[in-house]
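Structures follow.
In what comes next, chain A is part of two complexes: it sits with chain B in the first one and with chain C in the second one.
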Partner chain A sequence: MRNSGLFNDHVKRLLGCLAGGVVLALMVGNQEGVQRDFGYAFRAAIFSPRLVVFLGFGLALFVAITYWSRISPYFVRPGARPLAAGAAAVVASYGLLHWTDSNQVTGGKLGALSSAVSGTDGISSFTRTFFGSVVPGTPWLLLVVVVALGVVSLVLRLPVLAWLAAGLGLLVGVWGYIAQSAVSDYLKTADHSTGAQVAILGYAAIASGCFVIARSQTDQADTVGFIERVFGWRPGFPLAVLGTAVGLVALLTATWFSPADRNPHLSGMTNLFSGEGLSAISSAYLSWLVWVIFVVALALAFAATYLSRQAFSWASIVIGLGAVVLTLTTMHEFSSIGGKSGFDGANGPWQNIGAGPWMLCGAFTMFAGAGWIALRQGRRVDPAAPTVVAKAGSNLNQVLIIVVLAGALFYPPTATQFWQTVIVAEIGIYVLLAIGLNVVVGWAGLLDLGFIAFYAIGSYTTAYLTGTLPIKPPDWLHLTPLAAIPFAIVICLLAGLALGAPTLRLRGDYLAIVTLGFGEIIRIVAVNADKVTNGPKGAFGIPQPVIHLGPIHIQWGQSALQFWYLLLVLIGVTVLLFNRLEHSRLGRAWAAIREDEVAAQATGINTTRVKLLAFAIGASTSGVAGVFFASQIGYINPDNFLLNNSILVVAYVVFGGMGSLPGAIAGAATLTWLPEFLKDQVPAEDRQMWIGAVILLMMIFRPAGLIPAKRRAAELSGFDGVKSAETVAVPAGEGM
Partner chain B sequence: MTAVTSTAPEPTATNPEVVYDVKDVTLRFGGVTSLNKVSLQMHRGEILAVIGPNGAGKTSLFNSLTGVYTPQEGSIMLAARKGDELTSILHDPRFYGARKSTATHLINRHGVARTFQNIRLFPALTALENIKVGVETRQKSGPVSAMLGMPWQRREERESTERAYELLRFVGLTARANDLAGALAYGEQRRLEIARALGTEPGVILLDEPAAGTNPAEKRELAELIRRINVEDNVSVLLIEHDMKLVMSIAHRLVVLNFGEKIAEGKPADIQRNPAVIAAYLGTTNDEPEAATTAQPEPNTTDLDSGPAAEGDES
Partner chain C sequence: MNDFMNFVILGLTRGSMYALIALGYTLVYGVLQLINFAHSEVFMSGAFGSYLVIQSVVTDGSSPPWFAVVGIIVLGLGSGAITGAAVAWSLERVAYRPLRRRGAPKLAFLISAIGASFFLSQLAGKLFNRLNNNSFPTYFNLNKHVIDIGGVTVSLVQLIIIVSALLMMLFLDLLVSKTKLGRSIRGVAEDAPTAALMGIDIDKTISRTFVIGGALGGAAGFLFGTAFFFSNTMGFIPSVKAFAAAVLGGIGNIRGAMLGGLLLGMIEAIVPTFPWYKPGFIGTAWTDVVAFVVLVLVLIVRPSGILGERLGRAA
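What follows is the complex of A and B.
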């Protein structure tokens, strides 16, 4: 065979791409056939006409790879990537996300909503036109037009066209948003859908991309430099901008209260509550005070970040947090009134509240956060390094921390019941577990496949201490779940030491096998020790947490939200403590033994002690998660603690980025969110396959994880590309 | 075959204090004798070089001195820092870890620091952090105080950063403080490894072929650095090196090993003229029957992971 190498490569690639298309054709859609006829699905996919579409994908991919050298120069031009990202976001919102929660629309996605809306006469034609009453498929058509305009202007360098695309993109985004809120007003249901929000964000990204295309004529986008300039220009400024946007949406278009058949915006609230006995301050808040506070907080945030004066920063923090408190009290008040009236079966405060006030709380938090960042920035001096300070790329990080915090505090109340449960019972708990395992696997580099055992120990400890196991604790040790936390920590710590001490002389694979065995032993003991653990039946009726502290009485149990805030406190404290730990002596010692154990030993590190500490600290975190789990769910049995769960936690940590605290959180959150999200998208039995595909793609294209650890990134990518912004040394005078 | 046993004292001292007193140390790996009744004394404040052809047992000797290997016979006495009492590292509980064998990290804590023939830094930590790891093995604050950010922990953290910057300045790497250790040039990595070792406040530093793979200019700088470590920091230096020019220019005394046995000891000038040394390096026609028959080349002991004794000694 004397094929030229090039030809050969092309043929192989073409075959590979087409085969990929066939695989995709098999994956999309319902699984067909029965277990005895595995070939049925394959034949169905092969003989189905839709195969042509997927082969087309394969061909397109082949062309893209083969002619990548011709495409890529355009792709790195300024504005191309925001354009692509925005287009992807809009496609996702059109194809995957819900546009309404109303059960009058099956599935709630854009397609179903469009056909429902365009045939409904009661909705304004402005709205109906967007959903395709005139031209079917209008949303998609608009997207194609906008993106095509953007691409043409990018390739041909036509600023006029780019301006046009930017303007059109914004218009379409706003149109879609308004149309969707008009529809949800018409349907009169509490709306938790995110489709329109994501779409408008996507269009905003497209518009900003087109804006950049119109303005910049260079050949090579400097994305990193751009982000640095934006976030370094006035620390906290982007946060103030974001807060303004969120706040305006909350004040102008979001629903504030959703009892029965009304969904008033802020402007309708005064009307709704006039004469209902709202206190003076709350009615003032709803009619005009909120605008005054918003403008003041906004002005202070901008002043603080722009002028970086300490006084403004402090004022911004105080006003921002004060505004959050005021908003919350007002919400409490008007929702209590709503509760008394018994709308929608409401029986107390905090029910039927719309997204508006929560979003406003988020906006005020961001203003306060902007002030905080400005304040920190003014103070940053590293006394120990008089000549050189590391210019951390921390402005962006701080902004992200504030945004995530605001989201964690104020997003869950606006989610549906289903998602609230998922956020607590899946996402939150596994985030805590992943944070714990990250200590062992990520920082100390010890592969632990039996991590769930400590979670089980924490859960059973709670069950014992609350008196729900066959063996009862002595009376003086009969505790509430929250009081059990210290005990669970200590017991898991001891269990961690007990597992660690004999096994730590093992390395790598051997250690993994032993820990795997340990996990199974704990589970099997839980199954078989009937007299102690109640065997496979498990422990019932574990009480829910309570706090009785003088005048404070808090009883958990009414809703998932309550548990979420408890969990948020636990996660927050853990993250805070572990973040310090990572950058302490012990954190460096862990990195050292992970990198080179012999050298670490020769440098005087007691490797046994350091490894044991990793095991103990990781285990106790897991124990806390166990306490929370047991008291939230109220019922545990050995089936909650399978080997599968251990492996999943390892996968979360690896997926997020081993050794990176934000990575572990992001990894666990993503991979626990994904199966629940996929429930709407693919048949139930296909879910694991799609998750597998996501993990596979991730490991191929981003092996260091979602948010790679700085210390780990170097190991995986080699040392050539690591002179990132994080490690650039600048003179102290410029280190701001 | 004790050809020359010159016990010339260090030039300045009249009655030298002993740092390492090694007597009749024998180290075997199965049937292979890596060190055969090696004895030597190291004096405080001197630069003692160990030379010998490849496979002579130099690194085995280093590993025995630092507790990585435990010799089967003989004794090793250590008094690393000034004022320490001479103590056996082989049979003293002070050097035992959790298990009943000499623990490397305890030897380090008693004032012996070392570098490795194949550089063993922590590549994913920055240069500064590498040194801080060394400095911090002398600190006390634990995980709880770190998590709570206690004042004493913060003070220790500050001290370790300051000390690490001092050491970076000492080896001339200040500009690269925040670069990852793995991204440094070869010569810089060598110097960083020395700085990390110095961070543990040693009384003795063992340098295993510090000049390997460096160019002549770097060699000159390195010789200067070793002298400064010796004079300014008052650290005794035990050096393995193949580069004769470097060794002869900085060492106060030399010990020559061949096939696991000490064949000579003395001042550089004496060693250069020593017939046994010349024979070992250049080969002889049919002399040295003893060495040729009894001792065989040792297994690869440069990589600590693959040595048979290393397997059992990790903890």
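What follows is the complex of A and C.
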């Protein structure tokens, strides 16, 4: 009986895996159904030799699951995981990412570039060999060789082979990087592709994995301990190292100006701008000062982190931030001159700047950040206080915060126009919405499926106050969009209260349907109340934000980039406020009603008031997002506020990790980035299908989300270990 | 008055379809305390599955004898039900069971179901087509008035929908209240760990509950497709309504779902008969608003639906 049960399990698993292969065959490819013949796409997907490949995937999966117990001991050996991650990164870079942005290469991926390059004469044979002029498919071949060497050395424990793999991996990575830069110089285009960078990072990971394989003979990798040692050793030290690497790339290999045309590195800048009327300090900066500042900032950052002296920390912060300001003024100056002379059709400052100076700004920010971390940790020296582990964790978080901040500040200017728009109109706005919804869903545990309604209310409030709706505001209330923010917040607060007050007696799922209904009601009113909202046509001509405050005059509207910095300020303020909120009395009250409402009530929490506050605070965030959206895009109509969007925001929050602020941000950013990324990978209509699949897989394999909240993580793994399958079969009485 | 009665019949037709879908929500809610957001795609797949069968047995514009029409409709209901059941079963297998094993938080189930819903609806779009005007072959006169009492008319397709929906609901009611399977479903709904102690296989029961709900939803997909059009995105709106209906009647409660579905259909249908109804003011465009306002009002008075909540208690 037992034996046949095992056999049955295997058969079931095999059938499941093969079925998965068939589904994958249906998903992948360009076949599209047609109305005349419902079986067309099915036949195209199934009755072709390629089905064998997908069934092969299914079979491989079956084998992997069945023999996992044999494989897993190797997989936890030291070095295995960096090796696997690096290989995955390189595969992704080869298969998915752009290697050039030139429109001479269709698609811009490695395959297309390879075939274009191998037949071109003007490129050095060193480069052409990498792209496969001698042996077709050289990049893939090299990857296979390196990874195979690494795996063999891992399994057989051969340090020599591991050293070989590490060295070869590094060489291949550098070769690919140089080859790609050579091609990009040859093609003379503004290059924003990430393929070669990801590939070199992937190879670096492979090499470090092989290095570990060569050095360590233990059976079990200690990744957590390794991270703790690295980040706990000297607070902020890793950040200083990272800053050095980024800074060196910026100073040595990155383009500083006019990336499409002249492509000068830092060394070529002085030549390019000599005699163009650059001020003394800027020309000094470009020729030698930048190096001096870089070395000083670097030295101070290392001194501050290594010696933990407050004076060094302060100096590092001041020099780092000062260097950022100096770099920015220099950029402004030389790009103004470039604008005046009309390089590449530029007509003003801040145009045509290459990635170099922005990366350098990022590096200086990291040096300042390293000083800041050293300062914070230095103050906390207290022999009785937290253990090394806790310190390491918080160090890691601080490093990540600084890196994300530097990226948010200085990455978008180096992105293409298209990605800048995506970053503002999709990623940024939904991040703000997800932060707001996280309060309602993640912290207070109230499932709100009509969240987009508040966003709509914020947008329509802006349209009303700027006088773009059929019904006009009184003259004294005719405002610019930024001045509309407080009004939108108040109105959304009131709307949140109006929705919340009658419905908060309801439990989870009842509340869900009522909020869903509320969202639909708002949308239908917007569609139908022609005289107030201009019906399906919506409002257009909503002005862009302006600030006239004494001597300061800022007018938004020329580029997405400006809106990005405005949005960054809004997100930053919200995150700071909400971060304080999470552990405040109110935040703890939310956690209490989420976990057990009755018990919370018994401890004296006014549940209605607390829930209402959650609704109102979440709604007001959404209102701010609405104001921003309306003034950025300039026109709104009810189609911007569909039920689907509400559901998607909930999905973002849960995908990222319910109740965790970084999680909500990461979830929204990932899931709004994904469709744009998928544009290059799959037919446009299929994107939603893939996103659905990604969400599904994420929930199956990581139900707590990308970055789980600490409290949630504890709940999931259980305080008392894993329960039996029977008792968890029905999750009874869990807080929503 | 005639107008009113005609609208009531329209409401009954619409409501019985809502009720069939709502039953899927309510059954799953009963055993898992979860909203199965992917039920809309079960409904959709029922329409596509039955279409594939129907179009292979009957050509467009043919007029078979009445018993053949009845046979084809039964075939359509059956194939829709089987497709729906198969999709619901795999849904439970893929999107629910792994999460149950991990003891995931409730919202994770919701999101995995939403992911599955996106996936299924777009996969159907890729596989068949993404147009929204697919229709079944016509093999009988849908709009023939079979009953006509002083201006109150019932068309053939309305009769088919109401009768088959009522039959299926009756069948389900008997299944849940009289059979062993029904008893185990009620047991799991009442108290899963205790039911497990009494020797009920929880996994199997949950799986079968999905299959039953899926079969009803799939059959509803066939009925909907016969009466209107079908497409890969057809599931969304009727399912939101059906979910509202299930909540209206008291989610987790089978008779509640039936009542809620019929009631919601009626409310929607009779909105235009209100005395203050003027086209352009409370037009059909406002139907959804009225429906949701009624829902909110009912829930304010009875926070757990008209008939109260649990599957175990009410059925």
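Definition applied: the second predicted complex is superposed on the first by the 697 of 736 C-alpha atoms of A that agree within 3 Å, B and C clash if a C-alpha of one lies under 4 Å from a C-alpha of the other, contacts with A are read in each partner's own complex, and residues count from 1 in each chain.
Here is the rule we use: a residue touches a chain if its C-beta (ideal position, glycine included) is under 8 Å from a C-beta of that chain, and two chains touch if they have at least 3 such contacts.
As the structure is a computational prediction, the values presented were derived from the model and not from experiment.
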{"item": "Partner chain(s) touched by A:607 [first = chain B, second = chain C, both, neither]", "value": "first"}
{"item": "Partner chain in contact with A:617 - chain B first, chain C second, else both or neither", "value": "first"}
{"item": "Chain B versus chain C as contact partner of A:584, first or second or both or neither", "value": "first"}
{"item": "Contacts of A:528 with chain B and chain C, given as first, second, both or neither", "value": "second"}
{"item": "Between chain B and chain C, more extensive residue contact with chain A", "value": "C"}
{"item": "Chain B versus chain C as contact partner of A:88, first or second or both or neither", "value": "neither"}
{"item": "Partner chain(s) touched by A:245 [first = chain B, second = chain C, both, neither]", "value": "neither"}
{"item": "Which superposed partner A:592 touches (first chain B, second chain C, both, neither)", "value": "first"}
{"item": "Touching both chain B and chain C, residues of chain A", "value": "505, 507, 712, 715, 722-723, 727-729"}
{"item": "Complex interface listing, chain B residues touching chain A", "value": "66, 68, 97-98, 103-105, 108-109, 113-114, 116, 120-126, 129, 132-134, 136-139, 141-143, 146-149, 153, 156-158, 160-162, 165, 174-175, 177-180, 182-183, 196-197, 199-200, 304-305, 310, 314-315"}
{"item": "Touch list for chain C against partner chain A, complex", "value": "29, 31-33, 35, 48, 51-52, 55, 94-95, 98-112, 114-120, 122-123, 125-131, 134, 188, 192-193, 196, 202-203, 206, 240, 243-244, 247, 251, 283, 285-286, 288-289, 292-293, 295-296, 299-300, 303-305"}
{"item": "Residue ranges of chain A touching chain C (in the complex, touch as defined)", "value": "23, 26-27, 31-35, 38, 41-42, 45, 441, 447, 502-503, 505-510, 512-514, 516-518, 520-521, 524-525, 527-528, 643, 647, 650-651, 654-655, 658, 685-686, 688-689, 691-701, 703-704, 712, 715-716, 718, 722-723, 725-732, 734, 736"}
{"item": "Chain B partner contacts - residues on chain A that touch it in the complex", "value": "383-385, 387-388, 390, 504-505, 507, 577-578, 580-581, 584-589, 591-592, 595-608, 613, 617, 711-715, 719, 722-723, 727-729"}
